[in-house]
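One structure is given below, represented as structure tokens, and several questions about it will come after.
Chain IDs A, B and C follow the sequence of writing; residue 1 opens each chain.
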Amino acid sequence: MNLEIKNLNVSAAKSRILNNVSFNLDKVGLTALVGPSGSGKSTLLKAINGLLKFEDNIRSEGRIFFNGNCVLAAKKSVSPEIVMVFQKPTPFPVSIRKNISIVLSSLNLSKKQEQEKIEFSLKQVGLWTEVSERLGDSALQLSGGQQQRLCLARAIALDPEIICLDEPCSHLDPISTQKVEAILKELKQKKKILMVTHNLQQAKRVSDDVILLWNHEKGGEILEQGSVDRIFNKPTHKYTEMYVNGDLG
Amino acid sequence: MFSGGWFPSENKFGFLPLVAGTFSVLSVSLLFSIPVGFFAALALLSFIPRRLIPFCMVIIETLAGLPSIVVGLYCLLTVVPLANTIFGSGTSLLVGSIALAIILVPQLTLSFYQSLELQHRVLWPQAWCNNLSADIFLFKVLIPSSVHKIKECCIMGVSRGLGETLAILMVSGNVVQLPQSLFSPVRTLNANIALEMPYATGIHRSSLFFAGVITFLFTLFLLVLAKYEPKNKT
Amino acid sequence: MNQKTKLKFSLLNLTKPFSLLCFTFVLFLLVLIVGPLLWHGLPELSFSFLTELPAFAGKEGGVGPILRGTILLTFLSLFFVVLMGLPVAFQLSHPLKKNWRSIRLSRMALDLLASTPSIVFGLFGNYFFVTTLKLGYSILAGALTLTIMILPLFIRLCELELSTYQKKFLPVSFSHGLTEHQFATKVLLPAASSSIGFILLICISRAFGETAALLFTSGYSLRNSGNVFESGRTLSVHIFDLSLNVPGADQQALKSSVVLIFVTVMTSLVARAFIRKRESYES
């Protein structure tokens, strides 16, 4: 069960976004994707999820393998093995319970199993005590942090292999961020998590591995990759050192 | 086809008087309703206190939503007798145009307002900070920046006026002739279809269908005109 | 030069009074038009008018069967509109297909149809439904004609509504493994249902007010028993007929038009108010 990306090139109408990106994701844990804006972090996540087709004028080459299956060429979505949580909270505008039961509908569960799953995933993100009384209410009535945690619960409910997170905390206040990070710390014991973040402190706090993307003239490339200690304490590349120490801009 | 008059009983089907009737009614009423609608929209944008706007919108939407047949009935019952006593001719080109204008003015106001409102909301605070007065802002900034939208609204108004049938039919007299003056009765293309369709047969019927095709082609032309946008502008 | 700028500015200064004048005129139109109609029509209006049979070609009696026919016709056509319009709107607003040539072409065609005069639809309905399909002058033929007339409006409005939801939720549901069908029925429809309802209200208002397309499709018959294959006139056709062809029925026409105004204005006002409120809420 591993994700393998080989020579991935993604280009927009005029410029190239990702250039020759290759890496492997084979062990459980949280991998943080960091790097300056425009280095193609979000694009990489979208490519892994097969969401590039929703963008205009995007071409992609190279291969992404998941369990030996090519993801890039696949017409069908790769979920429920790979699931994405977006930057902005995107709960469906239906009730809280429905939000989760909709995504479960493709699994053909019985009513009881479904209820158990809903309860389990909401408990895991710490929402159960807050919303168990009002599962029938619209998800839009929740606060931003709660909405984002609901989105996480929705992703967890599918029991995916890999969870992709695109700056999940950038729209949240510090307290909600803390809650989300606590969830991530627990989740990474069992799942592979890929998280894009601009917040280096956050990467330091929660991640096991770090991949640093850098935007060269030819598009975003992987500059350095390694465990969180190595990247932050013994960076080999001078850009990495400047970036993690905050010497750049 | 365009020469000669419209005499179905003699198998003469000249569309000229009908087309002339349509366009005379249309142009007279648009001459009035486009400026009025436009300036009313400007008033709604800049000169009406904000808290009155919902109330005003309700009134304008009510007017814009009036079925045209009701406007026709109103004109038939009140404007026609009035015109009869003042000008000596009841159902005429003028009254037809008035009916059409009553239908078009609120709709035009509404569409002008809707197409300018977003731009106004974005630009007006900046202009206000730069100490521009409302009228200078409107004419120097807002209108030049949305010429295309204004043009589109005007053309859609023309097209709506072109499609109007029964309200004009009820009050414009329906005599097939080239309009001599504002007070002479006219018959429009659409009114002609509505009037003669129930009993038309054979070639008469087909020429009525052809009249429909003419109206349709006018609409097509107007739509292309409305959607066409010169590309060299930035 | 100086003179010229001065003149220009003095003209500009007229903007405010002139536009306010135009605006008062527009507001005044309401009093001018709806006032007399209500003044003459409302006092004589009674509930029995809505249910009674018309008598003497409509000169006396009520509008019972006419109202019933109108409602039947409107809802029949709304049924067809939703049935055909929703899938099309779904396809048109699909973010992956929005730049397809066929989609762009059909969008242009819908724009053209939306601005086509209603009498042209009447002619088409008369040719196709009444003559070719041999439906005769009937409520069904009228409803079908009305359907193709309202369909472009409905589709375009729905497309606007759906495309925002599609853009926001399609990637999410795709990444969670929902099929397009599941997405459409479980996410999109519940999310957009209230706005679709209000779009339907706009369509109802349009359908009630329509006359020209129905003149030679649903016919003039005064008494319709509720059979869709029989001819039956709608309220607006009734007003048209009373005011032009039946002398001395002005009072009845006024009363009918009060009913008509009430229905159309109420539906469109509610719908527009809802849309405006949501716009201000979202921005």
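Throughout what follows, a contact is a pair of C-beta atoms (placed from the backbone, for glycine too) under 8 Å apart; a residue touches a chain by one contact, two chains touch by 3 or more.
In this text the structure is predicted, and so the values were computed from the model without any measurement.
Contact with chain A and chain B alike is made by C. When you average the Cα atoms of each chain and compare centres, the chain farthest from chain C turns out to be A.
For the pair chain A and chain B, the distance between mean C-alpha positions equals 55 Å. Per-chain CA centroids place chain B at a distance of 18 Å from chain C.
Remark: chain A and chain C have CA centroids separated by 46 Å (rounded to whole angstrom). Looking at chain C, no residue sits in touch with two or more other chains.
Contact of a single residue of chain A with at least two other chains is seen at no position. Those residues of chain C that touch chain A in the complex are listed here as 95-96, 99, 165, 168-179, 182, 186-187, 190-191. On the side of chain B, the complex with chain C involves touching residues 35-40, 42-44, 46-48, 54, 56-63, 65-74, 76-78, 102, 105-106, 109, 134-136, 138-139, 156, 159-160, 162-166, 169-170, 190, 193-194, 197-198, 208-209, 212, 215-216, 219-220, 222-223, 227. For chain A in complex with chain C, the touching residues are 49-51, 53-54, 56, 77, 79-80, 82-84, 86, 90, 92-94, 98, 102-103, 105-106, 154-155, 158, 164.
Across the complex, chain B is touched by residues 12-13, 15-16, 18-23, 25-27, 29-30, 33-34, 36-37, 108, 111-112, 115-120, 122-124, 126-127, 205, 208-212, 215-216, 236, 239-240, 243-244, 250, 253-254, 257, 260-261, 264-265, 268-269, 272-273, 276 of chain C.
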